[in-house]
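Chain nomenclature is as follows: A, B and C, assigned in order of appearance, with residue numbering initiated at 1 for each chain independently.
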Amino acid sequence: MNADNILNVDHLTMRFGGVVAVNDLSFDAERRKITALIGPNGAGKTTVFNCITGFYRPTSGAIRLTHEGGRSIQLERLNDFRIARQAKVARTFQNIRLFPGMTALENLMVAQHNALMLASGLTILGLIGVPSWRAAEKHAIDQAKRWLDRIGLLERADDAAGNLPYGDQRRLEIARAMCTEPALLCLDEPAAGLNARESAALSELLLSIRDDLGTSILLIEHDMSVVMEISDHIAVMDYGVKIAEGPPQAVRDDPKVIAAYLGADEQEAIAVMESSP
Amino acid sequence: MTSSTSELTHVSRLPGVAFILKKALISALVALVLFSLMVGIRTEAGPTGQLIYWTRFDDLAILVLIVFVGSIVIELFRQWWGPAGTTRSVPQPLQTALDFAGRAIPPLLLIFTFLVPVIFYNQRYILDLGILVLTYVMLGWGLNVVVGLAGLLDLGYVAFYAVGAYSYALLSTNLGLSFWTCLPLAGILAALWGVMLGFPVLRLRGDYLAIVTLAFGEIIRLVIINWQSLTGGPNGISAIPRPSFFGIPLTAGEDGLAARLGIEFSPTHRIVFLFYVILALALLTNWVTIRLRRLPIGRAWEALREDEVACRALGINTTTTKLTAFATGAMFGGFAGAFFATRQGFISPESFTFQESALVLAIVVLGGMGSQLGVALAALTLIGGFELFRGFDQYRMLVFGMAMVLLMIWRPRGLVGYRAPTVFLKRSEAISSELAREGRG
Amino acid sequence: MDYFAQQLINGIVLGSIYGLIAIGYTMVYGIVGMINFAHGDIFMIGGFIALISFLILVSIGLTAVPVILLIVLLVSMAITALYGWTVERIAYRPLRHSFRLAPMLSAIGMSFVLINYSQIAQGARVKPVPPIITGGYSLFESDGFVVRLSNVQILVVIATVVLLALFTWLVSRTRLGRDMRACEQDQTMAALLGVDVDRTISMTFVIGAALAAVAGMMYLLYYGLVDFFMGFVAGIKAFTAAVLGGIGSLPGAMLGGLLIGLIETFWSAYFSVEYKDVAAFSILIVVLIFLPTGLLGRPEVEKV
C-alpha cells in the first residue's frame, strides 16, 4: 500500500435480519483526494455511509481511519457522535438535515459546539462572561462568517435555514459539516435536485475544499457529470458488493458498471459498446 | 351578464347550505347517542345504599341542540376563515403596532409586577393570586427548558416540584435549617433526582419518554403517600417554618422586622415579602434561561429539538445534552417547590398530582414552546382563568381539557409562535425583519 | 399452594381485563404511531355505560340474566365505540400531519375532558352496584382455605377468549383487517392502492373502544363499582402491558395483559397492597429501558 489512505474499509458486511445490504465490501479512500461511491439505487451506498459514520453497527468487518500523524482509529464499534468528534469524520444527509427553525449562522455555530463548550468552561465561564469566552465566541462567529461567504450566503446569515432555497440548503449543510473541521467529509448525494448551474458551483466548492483545505472527501452521487469532473477515485457498488474500482475513466468504460446501471447483462453491455462507433 | 353571474353564485352556494345542515344533523345525532345514557340518565347512590336514577331528558335535549347549532356556527366560521392551517397576511400598520407591543410589553409587565404589592397592598386576595401566578410562571419557565428548548416531552415535572417541597419541609422541620440554606439544597436535590431519572430514560423516543416521565411522577406521589414514617403520608407535613427576612423573623414580636423598623406589624408584611421572593426566583430562572440560550449548551438544546440525528452527526453528545436540560429544569422546579412549602406552611401529596404536571405543560405549550414572554402570559391567562372559576372544579378542568385540544388544532405553536435567534450577524436590520415574520411552522 | 392457586386465578382474570384494554393501545400505536392517552378513559366510560344500562334494564323489569348481559354488552360496545370514533375525529384526525407531540397533548386534553365530563354528568360520588352475577365453584380445599372460581371470573375469561378469537379472525381474514395491516406498514402506499385510510384508522379506534367497553363491563361485574379515575391508572397499566408484550403485536398485548395482571395480583398478595401500582409503573420503566420492543415485538431500525 503505497498510497496514503485516510480510510480503509475492510470486508464490511451489514445484515438486516435476512437481508444482506452490504456484502464483504472493501475499498480505500486516499487522503486529500475525492473518492466517489456510485451505483444504482438500492446498491447499499447509504448503508455503507451509515456504517462508516456510526449510525449503523456493522455486522462484521473493519473500518479504519488514519490521521495525518499516523494515529489510527477503528470506527466499526464507535458511536455516531464519537466518530464525528474524535475521528473527525463529518457527514451530510440524503434528505437534508438542517436545523430549520434556526438561522444559517446559528446552524454553523452549533457545528462548533464542542470547541465552544470547552471555551465556555462547560458553560460556567460563559455564564460569568469571562473575556476568553467572548474571544472564543467571536472566533467561532468569524469562522462561520468565512464559510457563509464561501458558499455565498453571507447576505442570508440571519434567515431561518428552513426558509432558504433548496440549493442554498444543500450548500449550507456542507458548510456546517466543514465547520467541525473534519479530516474526512462524507457527502450523501450532495447534488441531488440541483440544476446544472448549481451542480457546477457545487463541484467548484468541493474542489476548493480538497485543494485549499486538504480535506479528504468521500462522496455518494448519482450525477455523473459531477462525479466524473471531481473524483480522483471511484468505487462502484451493485446489490451490496463492489463491482469495480479505479480512476474515473476506467470505471466509466467498464462493461460491468454499464451493465449494472442499464440493468442489463454484462455480455449485452460489451456487445453494445463494441457495436457503437 | 350580471344576472347570470349572480345566478351562478346563487347556485354554487346552495350545496353549501345543504352540506352544513347535513353535517350539523349528523353531529347532533352523534351527540344524542353519546349523551343519551350519560346525560339523560343520572345515577346516584340512594339513601339505603342501592343505586337509584332519574331522567334528565330536558338537559339532554338542550345539549343536543347546542351541538346542532354549534356545529353550524363552526362550519360557517371555517368556510369564512379557511382550513385550519391558513395564515392571513397582517396589514402593515397593524404589524408595526404589534412589533412595538412585542417590544414594549415585557418591560411594562415587569414594572407592573414590581408595583403589584404597592398598588394592591390591602387586597390580600390579589397578593395571594399574584404569588400563585408567579409560582406557575417560574414552573413554566423551568419546564420550558426541558420541553420548549430541548423538545423533551416531560409529563412528570411535578416530581421535581415535590422533591423541592419535601426536601425543604423535612430539612427545616427535622434539622432546623433556614429557608435560605435549604433553597439551594432543594435545587441541588431536585437536579440530582433529575439526573438519576433522566439517565436511563433519555434515549427513549418522544411518546415513550412522555409516558415514562409520567410514570416517574406517579411513582413519586405514591411513594410519598405510602412512606408515612418519612413523609407523613396523606397527612403531609405541617408547621413548616416561614422564611425570615435574611435572618430577621417577620413576626409581631420584639425581634421582628416590624419592631426593628419601628413600624406597626401587619401579617401583610410576610405576604409582600413572599411576593418579592418568588418574583426574584422567577426572574433568576428567566435570566439564567436567556443566558444559557446564548451559550453553546442552550443552542445545543434547541438543535436537539430541531433534529437529534443531525446533532449526533456534528459530534454532540446528545445524552449529556438531554441530561443537562433535564437537570436544569428540575433544579428550577426544586426551587419552586421549596418556595411553595414555605408559602403554605403545609404540604401534602394532593398538591403533586399529574394534573399539576399537565397544567404546567399546558402553560408551556400555550405560551409557545421556547418563548419566555409567551410562557409568562400563558401562566397569567391559565391561572387567572382558573381562579375566576374557583368553585367549579370539574367545569374548569373540562374547559381546560377542551382548550388543550383546540389549541393543538388551531395554534399548535402557542400564543407567541415565534423564535428569537440568539446570535445575529447584522443586528439592527435583523431584529425588525425577524419580528415581522412568523417562525417556521 | 391453594393461596397461590387462588391468586393465579385472580391474576388471570385481572390480566384478561388489562389485555382487552391493551389491544386498543397497541392497535392504535401500530397504525398511527401515537399513544392514545384517552383510551383508559374510554374504558371508564364503557364501565359507566354498562352501569347505566344495567340499571335501566333491571328497573324496567327484566330479570333473565343472560339476556340482560347480552343487551348491556351490545349497548355499551356500541355507544363506547361511538365515543372512540368521536374522540378520533375531533382530537386526533386534524393533527395527523401536525408536529410530533401535538396528538399526545391533544390526547391528554381529551382525557381530562372525558374524566370531568363523567364527573359532571354523573356526580362525583362512587356508584356501587349489587352483584349481578353470583355464585361460583369451590375448586379444592386444604388447610381451611377454599380455592374458589366464581361465575364472574369464568365469564370474563370466556368473553376475553371469544373476543380475542373474533378479533384475530377480523385482522387476518377480513378486508378491514388487511387494510389495517397495510396502513400499519405504509400509509401512503395503502392510500395509493385504494385503501380508505381515514376510514381504516377510524375503525381501528372504534374496535379498540369496543373492546375497552367490554373490559369496562367486566370490571363492573367483577369489582362491583366504577369510579372516574379507574381509567387513568388502568390505562397506564394496560399500556405497560402493550409495551411488555411488544407494541404493535396483538398476541403480545394479551400476553402482556396477563403478565401484568398476574404480577399485580401476586405482588399485592405476597408483598404489599399499597405499592402495587408502583410495581406496575416500575415495570413500565424497566421494560422501556431494557426491552423496548417487548416480548413479541419486532425490532425497529432507525432510518437515517
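Heads up, the rule we're going with is that a residue touches a chain if its C-beta (ideal position, glycine included) is under 8 Å from a C-beta of that chain, and two chains touch if they have at least 3 such contacts.
All of these numbers come straight from a predicted model, not from anything done at the bench.
The most central chain, judged by the distance from its Cα centroid to the centroid of all protein Cα atoms shown, is B.
Ranking every chain by how far its Cα centroid lies from the centroid of subunit C, the top place goes to A.
Between the CA-based centres of subunit B and subunit C the separation comes to 30 Å, rounded to the whole angstrom.
Computed from the mean C-alpha positions, the centre of subunit A lies at a distance of 49 Å from the centre of subunit C. Note on chain placement: the centre of subunit A and the centre of subunit B lie 43 Å apart, centres being C-alpha means.
Listed for subunit C are residues 302, 304, each touching two or more other chains. Residues of subunit B in contact with two or more other chains: 309. Shown for subunit A are the residues that touch two or more other chains, namely 55, 93. Considering their complex, residues 53, 55, 79-82, 84-85, 90-91, 93, 97-103, 105-106, 109-114, 116-117, 120, 123, 126-127, 141, 145, 148, 154, 157-158, 160, 162-163, 176-177, 180 of subunit A touch subunit B. Those residues of subunit B whose C-beta lies close enough to touch subunit A in the complex are 288, 291-292, 295-297, 299-300, 302-303, 306-307, 309-318, 419, 421-426, 430, 433-434, 439-440.
Interface residues of subunit B facing subunit C in the complex, by the touch rule stated above, are 30, 33-39, 41-45, 49-51, 53, 84, 153, 155, 200-201, 204, 206-208, 210-212, 214-216, 218-219, 222-223, 225-226, 309, 354-355, 358, 361, 365, 394-395, 397-398, 400-405, 407-409, 412. Only residues 33-35, 45, 48-49, 51-53, 55-56, 59, 79, 82-83, 86, 90-91, 94-95, 98-106, 108-130, 232, 236, 239, 243, 274-275, 277-278, 281-282, 284-285, 288-289, 292, 302, 304 of subunit C touch subunit B when the two sit together in their complex.
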